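Data block below; observations after.
Order as written gives the chain letters A, B, C, D, E and F; numbering starts at 1 within each chain.
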Amino acid sequence: MVAKVPDIAPTVDILLGNLEDGVPVADKLAAREGLVHVGRTVDMGETQLWTRINSLDSPWALDDLITLVTEIGDQLEVIMIPKVEGPEDIHYADRLVSQLEARATLSRPILFHALLETARGVANVEAICGASPRMQGISLGPADLAANRGMKTTRVGGGHPDYAVIGDPPTGEDGTPDIHVDRARHQQDLWHYTTARMVDACVTHGILPFYGPFGDIADTVACEVQFRNAYLLGCVGAWSLHPKQIDVAKKVFSPRPEDVAQAQRVIDAMGDGTGAIMLDGKMEDDASVKQCHVVVELAKRLAARDPDLAASYGF
Amino acid sequence: MVAKVPDIAPTVDILLGNLEDGVPVADKLAAREGLVHVGRTVDMGETQLWTRINSLDSPWALDDLITLVTEIGDQLEVIMIPKVEGPEDIHYADRLVSQLEARATLSRPILFHALLETARGVANVEAICGASPRMQGISLGPADLAANRGMKTTRVGGGHPDYAVIGDPPTGEDGTPDIHVDRARHQQDLWHYTTARMVDACVTHGILPFYGPFGDIADTVACEVQFRNAYLLGCVGAWSLHPKQIDVAKKVFSPRPEDVAQAQRVIDAMGDGTGAIMLDGKMEDDASVKQCHVVVELAKRLAARDPDLAASYGF
Amino acid sequence: MVAKVPDIAPTVDILLGNLEDGVPVADKLAAREGLVHVGRTVDMGETQLWTRINSLDSPWALDDLITLVTEIGDQLEVIMIPKVEGPEDIHYADRLVSQLEARATLSRPILFHALLETARGVANVEAICGASPRMQGISLGPADLAANRGMKTTRVGGGHPDYAVIGDPPTGEDGTPDIHVDRARHQQDLWHYTTARMVDACVTHGILPFYGPFGDIADTVACEVQFRNAYLLGCVGAWSLHPKQIDVAKKVFSPRPEDVAQAQRVIDAMGDGTGAIMLDGKMEDDASVKQCHVVVELAKRLAARDPDLAASYGF
Amino acid sequence: MVAKVPDIAPTVDILLGNLEDGVPVADKLAAREGLVHVGRTVDMGETQLWTRINSLDSPWALDDLITLVTEIGDQLEVIMIPKVEGPEDIHYADRLVSQLEARATLSRPILFHALLETARGVANVEAICGASPRMQGISLGPADLAANRGMKTTRVGGGHPDYAVIGDPPTGEDGTPDIHVDRARHQQDLWHYTTARMVDACVTHGILPFYGPFGDIADTVACEVQFRNAYLLGCVGAWSLHPKQIDVAKKVFSPRPEDVAQAQRVIDAMGDGTGAIMLDGKMEDDASVKQCHVVVELAKRLAARDPDLAASYGF
Amino acid sequence: MVAKVPDIAPTVDILLGNLEDGVPVADKLAAREGLVHVGRTVDMGETQLWTRINSLDSPWALDDLITLVTEIGDQLEVIMIPKVEGPEDIHYADRLVSQLEARATLSRPILFHALLETARGVANVEAICGASPRMQGISLGPADLAANRGMKTTRVGGGHPDYAVIGDPPTGEDGTPDIHVDRARHQQDLWHYTTARMVDACVTHGILPFYGPFGDIADTVACEVQFRNAYLLGCVGAWSLHPKQIDVAKKVFSPRPEDVAQAQRVIDAMGDGTGAIMLDGKMEDDASVKQCHVVVELAKRLAARDPDLAASYGF
Amino acid sequence: MVAKVPDIAPTVDILLGNLEDGVPVADKLAAREGLVHVGRTVDMGETQLWTRINSLDSPWALDDLITLVTEIGDQLEVIMIPKVEGPEDIHYADRLVSQLEARATLSRPILFHALLETARGVANVEAICGASPRMQGISLGPADLAANRGMKTTRVGGGHPDYAVIGDPPTGEDGTPDIHVDRARHQQDLWHYTTARMVDACVTHGILPFYGPFGDIADTVACEVQFRNAYLLGCVGAWSLHPKQIDVAKKVFSPRPEDVAQAQRVIDAMGDGTGAIMLDGKMEDDASVKQCHVVVELAKRLAARDPDLAASYGF
């Protein structure tokens, strides 16, 4: 895998050196050494080098941090810390990394990205987000979180057909409800509370919320639905497990050209952005024009790095 | 607008002098002066005079408070404070208003109504509700909140077709799922977490939760659905942007006659309200009779001010 | 009722001596004495004896605790405390019970199960769960909670047809939306936020989350849907008001044989549980295998006490 | 002892029914019953009836509270709670007493006086003082506190000759210090920190600080010095163990006539109490005149109940 | 007084415009206007302009702040806030001043100096010191503090002969103590706890502790003793009420030449400041050399502005 | 120094491997290696091996911990952590040491002893003491603390002649005070507040308070006075810088035989330890007998290890 990195690096925005879940126990040391080798030998160009270390209560985390900060700290942008349970986890890593950075005479601080994978982490998410100026973002880890909560889904993210509400039964001729007739079932979003609270916690502290992985790689339709929910609720991205998902993510996390055009139309109609107007039967004012700016500014940031997208927006 | 107030005032319960969003920058001072003129000259009768001042971090808020409390503090019932982020905002306004009231020798305390319009406000909503005995209620401000969270909706409240879950794909003849077949999509409520947590925070501190505005004035059907969700989750009202919405709100926030009748039937059957009975195949006890009282008492309060409603309830 | 206990006790896991809601005021003392009689005279065998005392702010709670701990403290496993509002309620009961246990020279601590029945309780749920090592679990009490929140449902748990979102209106030929056409309505889960936050609070403190009662005893279909939602979100059980619901609960809170088999298949494929594989087009790794263990371990615990279930799982 | 109460009661301001230290284990129940007998049969006139119950972690405290509040709650003014360690002790007693008062249909709340007798109590003294509106005051318990802290004094309050600082040694003729020459030793106050912090905590919460007992009954001179220190630092009284100490306490805790006269002189010179003047070479202003009011108002309160004192002040 | 300012200003480091205690009620407005006149017309040169406003709960504080920041905010260095009780006082003043500064387009933040004059202030002193980056220092206000605590001294700062400990009585020939013999009395420092805790709070937050005024202007000897205690415990200055006290303060708050010389001698002997040596029979190491630097650096700072002092130190 | 250890070790209770103050920068690594050598090669017998590492914000602390725990963690009893400022310092060291212990497969936890050497540490001392179950004790570090506070003493512990109060001046014949007459000066204890609060914090959390070093090695008289103050206020020991001080410490921290005899006499007179008696004109009760037990139990613990002491006590 290490051998392929020089070819892959220039093609992606972020290269994640994963040392945690997915790496068998027997390969933990080799994975760490491989990452050091990459950090020392590969020219990353504009690509950021991130790593996901092992969880802080594992036997590997301390040496992951000592080794990586000491050996390739000048190459690492972000350390993903898995299974963060509370601010104390970030405080500990913060201080240890500070001392390792000082010893290695690094001048640029390495940032942290926390993975939200336990019930206790969700209960503490606001404090986690505010635990250090190193905090860059948080990602929802739906598989670990579901297991920790005792949710009875074995899917990695996405919905579950058993989570649903049903309509009332029809009333039969004799005035009693007939409960055995088929009724409308409405499937529900397992992740609404978690995602909404995570987004609020991130925005409160000025860091970035991400959705995590979607395990059913074959079902790109459901993946798109899941990613779009995250996008709509305020997430800025998601983790792709497969190239097929990269296309889905690119599509979802870029606003649609027609949405950008409509947002721009409202902005234009609002003049200096204060006051209130009626447009297409809808009231627009200082508040709703801010929503439009969210969409247009995201489109502009993405278009600056993607000429095709820029063209689609007419920028 | 000021000229019309003497005619409008007697027809509404609350007259809101808005100085914030919707008032262009150039009109800020005129709006404030207009409100002072109204407060000094118009006989408000039974109608309450409220104001929405500019946000505390704007260049106008301090003078809004100094002027309004000093000039028409004896007329103002409630000050709506927009974009409240935490209890410190209420503490500050509380103390400043206390000193202004003392200087103006006012004897009745002016109350506060906070607008929940930022992610940080939601994360702090319990503390905001409990920050002062002046707190009268909180309203959800969905447009500002969506923009602040980075939600990619440009609608002012209500749902969004992109927030949905889909069912599992059907399995084809060869046993593999066919992901491209059309599947049931179930749209989700963008505001469930926010509304539910806001209601709990308000009830915890004995103040009133309101839903805010619904921007698509033409779509009164969707407006009714949105208002009804808020009503069902515990809100006591919503903000109407247009006379068409006033009718919707009146309809939604008054219980239906058949619901009142059924609630009264349970209450009657429960005698002294303790113990447990079976009615129509449902268990009713000390707890469920309290739910029925919520409905009947609301109906009685509303009926006391609205003869038509009273008639519809048979009171 | 007391007379029937010797026959019932051997047939259930838990016998709950209820002193609170459902017991008329006039019967409060008799109910307490009846429970003392049961505790002193009935051979409970393997069956646990629990009690639900009256709420701590009622005129009966102090004497409920003094009497029950003093008289039958050696028989009581768990005291359910209704309408818990914050950790202070648990602290008070904890200390009082400690002193009563000491006076009665009991050597085994009596545990607590809190009922979540108020908005303030939900706002404090994390602190309630962590308030004492006696805490064994929490149950959602949907009827009291709905009444306390001012939710306008009179149902004891379950959904409500009025809580729904609707799709966008179709656009007519002239390009304007036609709001009066019938649109898809998608009913929503009233309890998503409450259940999800309660589960997180429990898991954070290592105690057990339960859904509470479902009042519409006739509608076993809706009961099953409600119980299944709780099961899926992480609850370990629910309260049955009627024998018909016991069968529903047993069915819902035991994983389906096919789910157990599939979970076992993933576990088997994952070897030592580390690393990552593809199975049926889905990625499985250290995290998702934990989800599978949740299901399989639950199946094993249940099968150990139920030969039919064991057979269905092929254990 | 109980037999003598009718004679003693009219001669004192407060009659303290002590159930704790000083009562041998074998007499605990008799002491409690004796106090109930007194409360029920003795006409207390203007004299307040207080009790010091056993400590909350003793086997007697719960029954002390249940019995006393139930039987003579209408006679009890203040319950002294010994060995209070933190606000949780007050919270527990507060709630238990509230429920006992309600059951006994008492309409006047019984107050609490906490004894500061442990290191943890001192570390939490601010929170203890603010733990309940029942809090009436705090007394320093120097013997228990010294033992709990591991202070190596076996005296009950007062100073200790071993706590002293010494001056520098004189320098001999050869320029080196001669450490063996006798030097000035200056004894120090063992209780300065404790008393000062306790006074601040009490004043912060509007309750009364007391010094506690002085054990060396024969040494009335040292007793007076100790009481005067407490008086000067802000305490309002002390506990007398013997009639000889009552005279000392009366003398110390009443300001001297010459101090009252001088304070009045400053007050007179200050006119409306604002501004600044020079008097006897000292600056007096709005602040120092408040100090004078402390002395004069105390004198007036005491004089109102003591004609001799009034005469000595010339009131 | 205002007329004299142009002459006085160049001769002092700080000119304090006092609006609070010492200013009679009738002169409050004139004092404020006088200060505005000074701020607008007098060339302060290197001299800092400070003001002590009226206390925040007085009828003047709000207008003091509005007027002074608006009119002469560009001239004011520090606002002394009297009778600060907790961090909420600083938070309020901080925010109000921020908005007034913004409105007045001031670019340099005005600093705060809090007066510690209440028991509650002492109990909250750490939080007060850390309440805002505007916090520049704290001064002890002994007169108000004594009155608020109910200390029975009417002196403005300094000691009191009644606060003392006495030695044990001698034992007579018959082996019993003779308590009536004259014994050594050792007067105690009334302010030890208060000053020590205040210094720790200031140093914790990087701000400056000051002792306050000494009222007995004639007794310069006692004034010197009091100031020296403050100096020794860590204060950086004191407030002089009279020119005679200025000389005392200058003398006390400048280290003695012999102390500076000895400190320098230790520094020189310690080389790079690490390790340990013996000097004059005393151990000196990394820690004690820091103490010496405290003295020498203070001497250097003072000498830089005072040639006589520089000469006395031999700099 | 390392060479002498085998001879010294058997003669002391604790051998402290100091890496911090007193070790020049150039010798830091050699000192650490020397300590490793000692830990690996010297048979410590009953003697405990402690170390004082460099402060956590120094460039050496991280490697001190990694090296010592990894190399000689099985030999180390206690790590002294200098300049602890708050609980976060202990949390960090606790977690790092936990992971190092796990990696080194140590089964006995290494304890911590914190040095109180900064104003911020004193302000946080209660939280520091309770920050970890590893906390074994705290020592006052008077030199660093004085420097950090800006106290103008250059002495390492002990008193200072400049900290004193003076009596009032005599009044001359003309009735005016004569301030120039010599008056009684009473030197004060610089460390009263610090020591008293530290003792309370330690006892609150069940750990041991120590006084620190006394720098004037020649002045054993003043050293004894300082140590005795600490002993009296509750400290259990002090740090000796020189063999002469070891004798002083042994003498001071063992109770005097006559004090032990008197304490035993009170205990004997009190029978079962409850109730109250008069002895030599002093009241003794449940509380004062606890003080006597403090002295007698200390004597017994010390006598168990020192036959001479046992003989002097008559045990």
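The working rule: a residue touches a chain if its C-beta (ideal position, glycine included) is under 8 Å from a C-beta of that chain, and two chains touch if they have at least 3 such contacts.
Treat the numbers as computed from the prediction; the structure is a model and nothing was measured.
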Task: Common touching chains of chain E and chain C - done: B, D
Task: Type of chain A:chain F copy interface by residue overlap (half), same or different - done: same
Task: Farthest-lying chain, centroid of Cα atoms versus that of chain F - done: B
TODO: Starting from the mean Cα coordinates of chain B and chain E, work out the distance between those two points in Å.
DONE: 51
TODO: Averaging only over C-alpha atoms, locate the centres of chain B and chain F and give their separation in whole Å.
DONE: 61
Open item on the list: Please tell me the distance, in whole Å, between the geometric centres of chain D and chain E computed from their C-alpha atoms.
Closed with: 32
Open item on the list: Can you list every residue of chain E that touches 2 or more other chains, as numbers and ranges?
Closed with: 164, 186, 188-189, 192-193, 218-219
Task: Which chain pairs touch, all of them - done: A-B, A-C, A-F, B-C, B-E, C-D, D-E, D-F, E-F
Open item on the list: Using the touch definition from the top, list the residues of chain D that touch chain F in their complex.
Closed with: 20-25, 27, 117-120, 122-123, 141, 143-144, 146-156, 160, 162-169, 177, 179-180, 183-186, 188-190, 192-194, 213, 215-219, 241-242
TODO: Name, in rising order, each residue of chain B that touches chain E in their complex.
DONE: 59, 61-63, 66, 88, 91-92, 95-96, 99-100, 102-103
Task: Residue numbers on chain A that touch chain B, as the complex places them - done: 126, 159, 161, 164, 186-189, 192-193, 196-197, 199-204, 218-222, 225, 228-229, 231-234, 236, 255, 259, 262-263, 266, 272, 274-276, 278, 280-288, 290-295, 298
